[in-house]
Amino acid sequence: MLASFDKHIFWEALTSSPYWKGALLALELTVVSLAAASAIGFFLALGGGSRHRSIRGVVFFYSWIFRATPTLLQLIFIWYALPQLWPTFAGSWFKPFLAAFIALSLNEAAYMSEIIRAGLLSVDPGQELAGRALGMSRARILRRVIVPQAVRIIIPPTGNEFITMLKLTSLASVISLHELLTASQERATASFRYLEAYSAALVYYLAIVSVLMILQAQLERRFTWSSVGRRRRRVAAQAVPAVSHDVR
Amino acid sequence: MSDAVLRAEEVHKSYDGLHVLQGVTIDVGRGQVKVIIGPSGSGKSTLLRCLAFLEPVDSGSVYLERDRLSGLREKELAVHRSEVGMVFQRFNLFQNMTALENVMCGLVEVRRLKKREARERALEFLDRVGLRDKADQYPEELSGGQQQRVAIARALVMRPKAMLFDEPTSALDVELVREVLDVMEGLARDGMTMVVVSHELRFAHSVATSILMMDEGKVIEEAPPDRFFSSPSHERTKRFLALVE
Amino acid sequence: MKRSVGPLSLLALIAALAVVGTAGASHRVNAPVKGSFKYCDNPTFPPLESKTSSGKVVGFDVDMANAIARLWKVKAKFVFSSFGGLLPALGAKRCDVVISGIFITPDRVKQYPAVSYMKTHRALVVKAGNPKSIKGPDDLSGKNVAVQASTKYEEYLKSLNDQFKSSGKDQMNLQSYPGDEDAIAQILLGRADAVLTQDTSGAYQKKKNPGKLAIAYLFPETDTFGIYYRKSDTKLGAALRSAIKTLKKNGTLKVLAKKQQIPVSDVK
């Protein structure tokens, strides 16, 4: 018995305000969380290569804690456990979006630091040597030589992380964030049209990821250092394998 | 030796438990070209890096003109490094910059020149090594010989007091070696103070002021080319020359 | 590892069939299902259904399901679902009935018929002492209110918010959570001022957190909890109706209600 698919109901869901607002919210949360995670991850990556054992220890500890515990648990912890420790976190200033942003950024930073570290390591050590020989400070070498080359390597796995992050935002529904998944659940339970309600949500997720893939391809092309217009280059063989954690 | 441009005095250096430099003393006067040869593991590259202030020494001193720089801290050292040019065996051009940008890099980042001025100067030096037409190419689009010449220009543009070369042609295909040696010979003729680690004995013979033989962390012999090649005094020098020629 | 049906096992099989046959013969209640029936349940709504700290599912609904099963001489099997997923699961035949503290409402009945078994009032639960002086639904304007997601409570609060908006009053800051207990937790944490839920849940939570919660307001209208089943299972529906009637008549439901401190008038 094939269930019927009502195109009109599907379209209504697709164009409804809770859906596109929820999708926008999910996208917003993804972008800011990934940005923060990259920034934190960058410093973690640098710390991971530090000469001081204490710094390396801190980085290891951070990575261990945030990768070993489920993201959902971290999210719930921040929402439920923090107010128990410090009542200020029960205040209305601590909105679900903020809590989700904090949880997702901290969590993702642990993964981004691995990716960034591998990217930094993939740059030939001779580059830094040449920079030092010219008299450049380590910070300048990082900024002008190492990071641009590392970025080329980290673009593909970071694109992957973006997709993962987008899917993780749906977890925030359990701490009462009204994003896309929530919108689809509400419509489904109110209308009993599960197929149409959830399909519309799927379409939004697909659309966002597709746009991301196009942007990623463009970004990769920009970091191909070639003076001949559109020459396509394959990324070097020592490219970083994607840090696999889709089981999250 | 008060007019020595570069001077190392009783330098010792170990790493990973290996005593790589065991009391090396060498001085290079203005306009002199010193070529260092020796078997691998003798410490030639390490010595060069110490002379370039890229590595600290365990004991002894390294002087640039009259200044004893070997004891300085990283920040102060960085500035002086730009006064000693270094050319590496694997070129080490910045992959994310064009040839022109590579040559400009030191001027902009270290000497803090304005981009326009840096570009003019850089083009001039690219011209000197015969690569002005490759200014907008990226390193991966250039041949090994071209990359090395750009690397030389990159170091030269900083108007260093001395130029150090660490086996500059060892990574090149045979037919590309000549173009680089030509540039280096030109530099020598123009009076640049140079220290070169190389296996190119004919080059050494034609431009060197003196040739140094290093073995097991020590300089065991130094002599002007004619004497060095025709009548080396040390036993190990003789053996090494026999192997290489 | 081959197993051959030896004479001994064949004998055992015949014996078993005989026992089943004779057992059924004594009180023949028409069992509409064979062997067992599955009921979908979302165990986040004590005292009707919840999980103990050891993970066991307990509550009035669980006891009632087992009582029905005893009547039919079959077993009742619990199937977990989120609250919003209860009816979809029924439709997808992941279970035969839904017994989960779920109201009978016109829009639900349109899709799936239901048998009522308990009346109940909605309640607003607040912090002990009612610090925000919430005396009724209108006092919710401008407050932080938590609720279980995808429930009728949430629907009601949303329309209440629309009413507030159109009459120029401050809207509620509405937060929705997977479980009813999660919403109650927000009051204990100090994040929410009120929770809209059932009197059964309110009484239970009050007992569980002595001195921390209070029932600020009891809605006069009653709702009815129902057991949902698929339209096509007419035999099952009829059997459910008669089973509930029987359990009410013979006082079983009263006993079960008393066990959970639910007012017995609710199961009359």
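Letters A, B and C mark the chains in the order given here, with residues in each chain numbered from 1 onward.
Heads up, the rule we're going with is that contacts are C-beta pairs under 8 Å (C-beta built on N, C-alpha and C of every residue); 3 or more make two chains touch, one makes a residue touch a chain.
Treat the numbers as computed from the prediction; the structure is a model and nothing was measured.
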Going only through chains that touch each other, what is the minimum step count from chain B to chain C? 2
Which chain has its C-alpha centre farthest away from the C-alpha centre of chain C? B
With centres defined as CA means, the chain nearest the overall centre is A
Intercentroid distance (Cα basis), chain C paired with chain B, Å: 83
Could you give the separation in Å between the centres of chain A and chain B, each centre being the mean of its C-alpha atoms? 46
How many angstrom lie between the centres of chain A and chain C, each centre taken as the mean Cα position? 39
Once bound in the complex, which stretches of chain B touch chain A? 52, 54, 75, 78-86, 88, 90, 92-98, 105-106, 109-110, 136-138, 140-141, 151, 154-155, 158
Complex contact set, residues of chain A against chain C: 80, 83-84, 87, 90-92, 94, 96, 173-176, 178, 182, 185-186, 188-190, 192, 194
Contacts from chain C onto chain A in the complex sit at residues 84, 87-88, 107, 111, 144, 146, 149-150, 154-155, 173, 175-178, 182, 185-186, 189-191
In the complex of these two chains, what residues of chain A are touching chain B? 124, 126-127, 129-137, 140, 144-145, 148-149, 152, 225-228
